[in-house]
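Heads up, the next two complexes both have chain A, just with different partners, chain B and then chain C.
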Partner chain A sequence: MKAPAQAARAEPRAYRWTMPANWWTRNRHYFLYTVREFTALPMALWLLWLLYDIKSAGAGAANFQPPRSAAFIAFSAVCFLFATYHSYTFLKLAGVIMHVKVLDKTVPPRAIIITMFGLWALATVVIGAVLIGFAR
Partner chain B sequence: MSAHSTQHKTAFSHLFFWFMFANGGGLAALVLPVHILVQGILGPLGIVPVVDQHYDTWISVLGNPIVKLYILVLVALSFFHFAHRLRYLLVDFGVPAAKSVPAQAIFYGGAVVVTIATIWILLTTAPLF
Partner chain C sequence: MAEKTITIKATRFDPDKDSAPRLQSYDIPFTDEAMVVLDALNYIKAHVDGSLSYRWSCRMGICGSCGMMVNGTPKLSCSAFLRDYWPKPVTVQPLNNFPIIRDLVIDMEDFMHKLKSVQPWIIRKQELPLGAGEHRQTTAQIDEFKQFSQCINCMLCYSACPVYGLNNEFLGPAAIALARRYNLDSRDQGLTKRLPVIADSEGVWECSFVGECSVVCPKGVDPAKAIQQTKLDTTLRFTLPFGNRD
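Moving on to the complex of A and B:
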C-alpha cells in the first residue's frame, strides 16, 4: 500500500488545454470558417426585421411605413454580403455532404454542386419575380 | 454480452436537429439572398417596385396561405440552423458552457419561440382569405 504522499504524486494531473482568444485570426482558413459560422447572426437579424415588417402591416394602411431609410438599406447590404457568403459555402459543401445514387451509380460531387447552384439561380429568379411582379 | 445490449437505437433527437439544421441552412442559402437584395436594397432604393413597399400589395400577398406557409417554413427552419451554428461558434470561441443543456434550451428554445411568434404574426396580420 502506498503512502498518502506517494498516492497524491501518482494521481494523473488534468491537462487543461485552452485555445488562445485570437486563434481565428491566425490563419486565413480559420478566419473564413469563423465568418461562415457568424453569417447566421446577420441573417437571423434580417429575418427578425422581416417579421417586424409583416407585423407592421397589421397596424393598418394609415400607420404603415415602408422600409426606405438609409440605415435600413446599409443594414440590408451588410446582411446581403453575409447571406451570399453563407449560400456560397453551404451549397459548395453539398458536394461533400450529400451522397446521391442514381441507377446504382454515385453522382459525382461536382454534379451535385452544379445542381445546387442551379437551384439557387432558379430560386432567385422565381422569388425575385414574385416580389417584383406582385408589386403595384 | 447479451444480444439485447448490442441493439442500436435510432437517435431521434439527433435526426430531428440535423434535419432542421441541414434543411434550414439549405433553404436560407437558396432564398434568403434574393429576399434581402430585393426587399432590403433594390425596393427601398426605388430601383424596382416591391410588394412590401405598398400597404395594399403587401397585405394582399400576406393573406395568401401559401405565402404564410412559405414564410413559416423559412423562418422556423432557418432559426434552428442559426441556433445550432451560433451555439457552436460560442464553443469555438472558448465558451464550453455553450455545450450544456441550459445553453441548448436557450438556443433551440429561442428558435421555438421565434417559430411560435411567426405563427402568431402570420395568423393575426392579414386575414387568410
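Moving on to the complex of A and C:
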C-alpha cells in the first residue's frame, strides 16, 4: 500500500480548464472565424426557401408565388453579402488547403488562389447567363 | 532617479490549498531592455517568491518548455520581451486548454499521448542493412516536409485552438503537423499506420480551420496548412482509384 504522500504524488489534483462561453470575443481571429461560420446558417435557410420555391414552380405557374415582401428582399440581400464573404474567405484559403504539383513542381499558393477566384468569376457568369437565358 | 519597474501578474495555484487559480502581482526591476517574461519569472523566483512554479530550459526558443499565456496570447516566455508591454502590467498565465498542476505548470500528458499516437518517426517496411548506404534525398524532397519538422512541441498551437479547448479528444495541430512531416518524407513508409489516427473523426476532420494555431507558432510552422492538406489527401486517397499509396 502506498504512503499517503506517494498516493498524492501519483494522482495530482489538477485544476480543470473550461472554455469560457465568450471565447470567440477574446481575439479578432476567433471573432472573424465565428462570423465566417455563422454566415452559413442564414444561407442554409435561404436555400431551403429556394428549394420550396422550386417545388412550387414544378407544380405549375399558377402555384408559383415567389416572396416579394421588403423583408424577404432585405433578407436575400443580407444572404448575398454573407455568401460573398463566405466564398471570399474560403477561396482565399485555397492556397493553404491545396498542395498541387505540375510537372513535379509545386504550384505557388498565389497561383492557386488566382485560379480559384477566376473559376468563381467564370461560374458566376455562366450561371447568370443560363438564368437570364431561361428567363427570356 | 527611481528604478524602472514592471508589474508581473502571475497565476498561482496550489492544488493542496486552492480551489481555483488566482493572480498574484509582483513589482520587479525592469533594468534591461532585453529582459523577457522568463527573466522576470526567474527574478521573482530568485528574489521575491521561491515557490513560484513554471517550466523552462533553454532560454532561446528551442526547447519549447516555457510556453505560457502572456497577456492572453500563447507565447514562449523566453521570446516575449517586457519592453513590448511596459509600462502596462504583464499577466502571465498557464497555457489555456490544459489542466493546471501548479502555478504556471500544465499537465501535458494528453499531448504526449497524442504525439505518440501518430508515430512521429520514420517507419520502414523493411530496414535495409547499414551497408546498403544512406537513404538519399534531393533538396526538393526535403523542402516537401522541412517546414513541418521545425515543430518544437511547445503546445502553443493547442492552447490557441478553440476546437481543442471545446473537445480535447481532438488530435490537435502539432500532432497532425508532425504526422504530415513524416508522411511527406520520401524515406518514410508509415502512412497506412498513421491514417487510422489522423483520418479519424477526432483527427483532421474535427478541425474547422480557425487558423490560430499557425498564427501563434513561434517557429513559423503552419499546422493549419498541414491539417487542411491532409484532409484533401485523405479524401483523394479514399475516392480516387489511383489515390492509394503506402
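Assume the second predicted complex is superposed on the first by the 121 of 136 C-alpha atoms of A that agree within 3 Å, B and C clash if a C-alpha of one lies under 4 Å from a C-alpha of the other, contacts with A are read in each partner's own complex, and residues count from 1 in each chain.
We adopt the following convention: a contact is a pair of C-beta atoms (placed from the backbone, for glycine too) under 8 Å apart; a residue touches a chain by one contact, two chains touch by 3 or more.
Since this is a predicted model, take the numbers as computed values, not measurements.
Contact with both chain B and chain C is seen for A:Glu37 once the two complexes are overlaid on the shared chain. Applying the stated contact rule after C-alpha superposition, one finds that A:Asn27 touches chain C and leaves chain B untouched. Counted by residues of chain A touched, the larger count belongs to B, out of chain B and chain C.
Applying the stated contact rule after C-alpha superposition, one finds that A:Ala71 touches neither chain B nor chain C. Of the two partner chains placed around the shared chain by superposition, chain C is the only one that A:Arg13 touches, whereas chain B remains out of contact. In the superposed model, A:Val96 lies in contact with chain C only, and not with chain B. Touched by chain B in one complex and by chain C in the other are residues 19, 24, 37, 97 of chain A.
Interface residues of chain A, counted against chain B in their complex, comprise 18-19, 21, 24, 34, 37-41, 43-44, 46-48, 50-51, 53-55, 57-58, 61, 64, 66-69, 72-73, 75-77, 79-80, 83-84, 86-87, 90-91, 94, 97, 119-120, 123-124, 127-128, 130-132, 134-136. Only residues 22, 25-26, 28-41, 43-45, 48-62, 71, 74-75, 78-79, 81-82, 85-86, 88-89, 92-94, 114, 117-118, 121-122, 124-126 of chain B touch chain A when the two sit together in their complex. Residue ranges on chain A touching chain C, taken from their complex, read 12-17, 19, 23-24, 26-27, 29-30, 33, 37, 93, 96-99, 104. Only residues 13, 15-16, 18, 20-21, 72, 96-102, 107, 140, 162, 165-166, 208-212, 215, 222, 224-225, 228-229, 231-233 of chain C touch chain A when the two sit together in their complex.
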